[in-house]
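A, B, C and D label the chains in the order they appear, each numbered from 1.
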Amino acid sequence: MNPIAEHTLHLDPKVRQEARNRLLSAKGHLEGILKMLEGEPYCVDVLKQIKAVQGALDKVGDLVLKSHLEHHVASAAQRGDTDELVAELMEVLKYR
Amino acid sequence: MNPIAEHTLHLDPKVRQEARNRLLSAKGHLEGILKMLEGEPYCVDVLKQIKAVQGALDKVGDLVLKSHLEHHVASAAQRGDTDELVAELMEVLKYR
Amino acid sequence: MNPIAEHTLHLDPKVRQEARNRLLSAKGHLEGILKMLEGEPYCVDVLKQIKAVQGALDKVGDLVLKSHLEHHVASAAQRGDTDELVAELMEVLKYR
Amino acid sequence: MNPIAEHTLHLDPKVRQEARNRLLSAKGHLEGILKMLEGEPYCVDVLKQIKAVQGALDKVGDLVLKSHLEHHVASAAQRGDTDELVAELMEVLKYR
């Protein structure tokens, strides 16, 4: 359980819904790759499909990140938890 | 249908099996995030889970890429399809 | 001239100094690659050196980003420029 | 000294020249950022410039990688050094 989460910094419900929809679609895409791997696919076709799923996940990450910046990081100085929020954000942005 | 694929440059069966196993595990992880989004998760916890799935997909991509280099690209000069293989590989490596 | 910059959201002087030092070192590294290219280097040795410089630039970017989050983004709600700051930050984080 | 380099797998001279030109331009860009840091720049302007240099280095890396794939990796099966070339290439492509 994340201590900051208990401050009720929950993900915005509208963003949560869009993230769900996009992840469901990414899951469908992943299932397509699994089906592809039951046959005899060409390596590069598999690589392209993996890359497409990665792109979809990047978009979900961007949605969540933008919402987090707007709703939580931008008001950190008011709440007094800037150091914690910035430290954990930097960690999650590494090599993203 | 990829024209080079018809040259029967199929993904190595052992790699195909390992890729399948890892993608099944990534799919399970994705389902976990979907479940998480039914509740009221903290943004950064969602970002961390998405990043973990990305890391798993990176590993599958690496497996397939390594196999492709070993089994297909390394013998391209012998087959005479170097230009096609390198062009499509560069495309798939962009921003990866 | 960036309109937000005029709000005097300048880069923190200590971070600016560390960024300078690290960029000077990256520049020296780059000059080393240029020297290497006067000879007959092996491709992969060049790739490794480029990757090292990229890593050094990533670290400078992280320094500046962390400082920006702490000193400017975290107080955006107080100043009332959250939307602008988040929009430009998302732009710069794309594919980073 | 890289043992494979001694097999005289040198970087193609034309690519070497283009890489040099692009690295010189990247170096000029880096010097511009250093100059910028003597003043009081806005964080995001610094981040954008660092990102631009990274993009320029990515392009140099792509040039060298493409040449390496065409001239060395594609003929690895003929020379019999596939395993070494693929291993070192996978290493350099990690997190690129």
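A few points about this structure:
Here is the rule we go by: contacts are C-beta pairs under 8 Å (C-beta built on N, C-alpha and C of every residue); 3 or more make two chains touch, one makes a residue touch a chain.
Every value quoted in this text rests on a predicted model; they were computed, and no experiment measured them.
Distance between chain centres (mean CA atoms), chain A to chain C: 23 Å.
Centroid to centroid, with C-alpha atoms defining each point, chain B and chain C lie 30 Å apart. Residue positions 65, 89, 96 of chain D are each in touch with at least two other chains.
If you draw each protein chain as a dot and join the dots that touch, you get one closed loop, with every dot joined to exactly two others.
Pairwise chain contacts present here: A-B, A-C, B-D, C-D [touch as defined]. Interface residues of chain C facing chain D in the complex, by the touch rule stated above, are 2, 4-5, 9-11, 16, 19-20, 23-24, 26-27, 30-31, 33-34, 37-38, 40-48, 50-51, 53-54, 57-58, 60-61, 64-65, 67-68, 71-72, 88-89, 92, 96.
Residues 62, 65-66, 69-70, 73-78, 82-83, 85-86, 89-90, 93-94, 96 of chain A are the ones that touch chain C when the two sit in their complex.
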